[in-house]
Amino acid sequence: MDAILLQILNGLDKGGAYSLIALGLALIFGTLGVVNFAHGALFMLGAFCAVTVKTVMSIEIVTLDPTRQTAWGTPMEIRTPYIEAWLGDFGATLLDFSVPLSILIAIPIMLLIGVAMERGLIRHFYKRPHAEQILVTFGLAIVLQEIVKSYFGANPIPQPAPDVARGMVDFGTLVGIDAGNVVYPAWRLIYFLFSVVLIGAVFAFLRFTTFGMVVRAGMADRETVGLLGIDIDKRFTVVFGIAAVVAGLAGVMYTPILSPDYHMGMDFLVLSFVVVVVGGMGSLGGAVAAGFTLGILQSFASMNEVKTILPGIDQIIIYVIAVVILLVRPRGLMGRKGVME
Amino acid sequence: MSNLSVLQVNKRFGGLDALRDVNLEVKSGTVHAIIGPNGAGKSTLLNCFVGRLEPDTGSVTFDGKSLLGIKPHEINQAGVSRVFQTPEIFADLSLIDNVMIPAFAKRDGAFTLHAWGSVADERDIRATAMDMLADVGLDAKANDIAGQLSRGDKRRLELAMCLVQKPKLLLLDEPTAGMARADTNNTIDLMKRIAGTGVTMVVIEHDMHVVFSLAETITVLAQGTVIAEGLPEDIKGDPRVQEAYLGGAHL
Amino acid sequence: MTRKDLILLICFIVAVLAAPVILEPVGAGYPDLLQKFAIFGIFAIGFNILFGLTGYLSFGHAAFLGVGSYTAVWTFKLFSMNPLPAIILATLLGGLFAVLIGFICLRRSGIYFSILTLAFAQMSYNLAYSVLTPITNGETGLQLAQSDPRVLDVAFGRDYGAVLPSSDFFGMTMTGYPGFYFCAVLLIVCFFLSIRIFRSPFGMMLRAVKSNQNRMNYTGLNTRPYTLAAFVISGMYAGLAGGLLAVTDPLAGAERMQWTASGEVVLMTILGGAGTLLGPIIGAGVIKYFENIFSAFNDGILMKAFDFLPETLQHVMVSISSVFVGEGWHLTLGALFMLIVIFLPGGLMEGFDRLRHSFSSRSGNDDSEVAASVKDAPPVTGGRP
């Protein structure tokens, strides 16, 4: 029982990341009809927003402390981040919380990037065949990836979680099981909750605002919406921007779990596409449900008991499910019939 | 006799009876029109003929073989060719290529790995295709790209593609839809000539001028059932038909 | 074969055989790079038969490349260092793998097909690194060893003694220029086969698949075997390319099977011109040239290139261009790819075409036969290639 609970928890943070990226993908595909192979790159860019924020906040000033000496007899250098120097303890706290704080920076930046992408490139490909959309966004993903690589280097850059969240949470006691049996890293739990909140926000926006209603209508039947005289173009830009922000924030908060490197976009992209397909390409709920389900399934597949029966299953379980779904029920678990069948 | 026999076909979509007890017999070598107001079930019926839909009950047989539930290429192999509401042609290929492909299919069957020989060497197929293009009046444009044709010409090309296979049954789904008067008349002439060669034709049409120029028998569908069937003169004066068209069509 | 095609083939043969000489001035005349041109040219030709003709975009072809490589190395280990059995088996196994994967993936079309191939590529890659390590030797890659059985070699009395062997074709070593010519001959054969396929009724049917599958079905043609045949043919080409990779450098690694490696052949085909005869080979050549030459540029070379500029301007140009060369050559490639897809979807061949037309219309001359056949002759009468 404990093991099962642990595996479920294990799958939730990755599932959260998949869900957030897949949500953006499904939104873009469902509303704009575009297959966006650059979506993983947006996730990666978000992660590197966090890296940049931390780097900037960590810029140090060097002062000399005459009271202490190095081995050579010169005064010792004290390196202090500007933030701490200016704001003292509060500054140190800010630095500690650099990852969550990056959210504030990431939102406008990702929005800008999303809008630029949509305006500059994506909108010219609405009418072009899916294959060309895939190709040009694939090219864009490579370009973004390489720009990041040339600037930040090829090595992963670890980002620490805030001190508060660095420990483990005894999940067992929270749900009434014996203490010490189900222990889980705090930040990963926080990530799961964060992803739920973010997903909830997107759904709430779609459900409770007029804008959201138009978007949902557009997803169901774009032609009619256009015929009703609603200017769909501007809304497309906003939708793309929202999807970019969601992917970016997913990336920001994921940095303590997986050290950002330039390649992470591509790594997550394939899996996210698989998630979207399993959930149903026009379905937002499907994308989210499939994301968490596949994350948990992957986690279960990596249990030793399972691996002894089916070696290597953890590597391929997601793909196997995708293949089965695509063959048996191509509209996905929650897709609408007739969409891309 | 290569008759198209439709017996007791019923089809429901959810709560809607799309087709109810439809019976239809198309005699070999005749031109049979199916008309009816919008929503009557004409397209649904046609889709049952071509393996796209399977009726809940009933049978559709042609030449003794059932057409139900078989794949499109098998439908064609059974001697049935169809024309679509929007002409379906190979838009990026040339006209001669468009007609050669069905000619190859007729000669070689559903699949052959004919990967060594050159198309340029296939003189017989090319000659057959050119003749067919000449028959429909498109031979001057043989090397043009099919996508550039006018709608009327696309329709003629599509008919050529069907005819080069010498089909036994030709299904036409609103062949003159979207055409101007001149194009429509040209298409009617072409269809008359086709009928003259003895091909069985089933035409779904809205344009009464087309129907009365061509049809030997007319079946009238309304709300999923056959409300009248017979010779054109009889249908013209039939009060049920006039009522079904909401105040009478201009017959 | 038409006269145009024959001239094209002859020109191609001459260009390939003389490649070491022709490419020397641009620094591409050395054997390693030439081998890569030939090998990836073969890979791209095969991929083009699937993507260029039928329009099916597969992101999984690198898996066949990997299968070819592993097969070849295993043949070296088990049977003989002679490249012939290695590449024959590599081609066959590539084809077999393609039958299996294609049978499943081709049940869907369009983007679903692409994602299916992606899934299979990643599955193969992951399995190669984990469960299949007995066959693939995981991260280290499959290597030759002195103790390999090599039964055929032993039967024919060939003993490599205490040295780690390299492949040799009946005594002719496979490294260096002889290695290149071995690959070049195969490239020519593959190119010739692709011409025949393009001009055949089969090729015409593949184009029909891309143009209108619906009409094709209602014309009595079963599209599934056609697409599967194209998929398997391209898989065999890929297997052959993978085998040749191992022949010229007997180390097989799983990174060749990642879906991003598949992306490379997609780039090559589109860059050169999908659906054309020469396009894929040109694309392969350009990308491999970039990869090897561009990536070797450093600031020193750039400084010399911009020597003619005043010093501040020189430094500015160097710092701008240094982003795009050396390590950044991928960036250039990605940007170039985007430009092609946006502005010149027919690739470089379309670019040459437009240039040629703008010149000939200006000068008012008709194209000579030879000039026309350097590009592609139309596949059948009329129509674009």
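Chains here go by letter, A, B and C, matching the order in which they are written, and residues are numbered from 1 within each.
Quick note on the criterion: contacts are C-beta pairs under 8 Å (C-beta built on N, C-alpha and C of every residue); 3 or more make two chains touch, one makes a residue touch a chain.
Just so we're clear, the structure is a prediction, and the values are computed from it rather than from any experiment.
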{"item": "Set of chains whose contacts include both chain C and chain B", "value": "none"}
{"item": "Innermost chain by mean C-alpha position", "value": "C"}
{"item": "Rounded Å distance between chain B and chain C, as computed from the means of their C-alpha atoms", "value": "45"}
{"item": "Distance from chain B to chain A - Cα centre to Cα centre, in angstrom", "value": "52"}
{"item": "Chain centre separation in whole Å, for chain C relative to chain A (CA means)", "value": "34"}
{"item": "Residue numbers of chain C (touch at least two other chains)", "value": "none"}
{"item": "Chain C to chain B touching residues, read off their complex", "value": "1-2, 196-197, 199-205, 207-208, 210-212, 214-223, 225-226, 229, 379-384"}
{"item": "Parts of chain B lying in touch with chain C, wherever the complex brings them together", "value": "50, 71-73, 75-77, 81-82, 88-97, 100-102, 104-106, 108-120, 122, 126, 142-145, 161, 165"}
{"item": "Complex interface listing, chain C residues touching chain A", "value": "55, 57, 104, 107-108, 110-112, 114-116, 118-120, 122-123, 126-127, 129-132, 259-260, 263, 266, 270, 323, 327-328, 330-331, 333-335, 337-338, 341-342, 345"}
{"item": "Of all residues in chain A, those that touch chain C in their complex", "value": "35, 121, 124, 130-132, 134-136, 138-143, 145-147, 149-150, 266, 270, 273-274, 277, 311-312, 315-316, 319-320, 322-323, 326-327, 330, 340"}
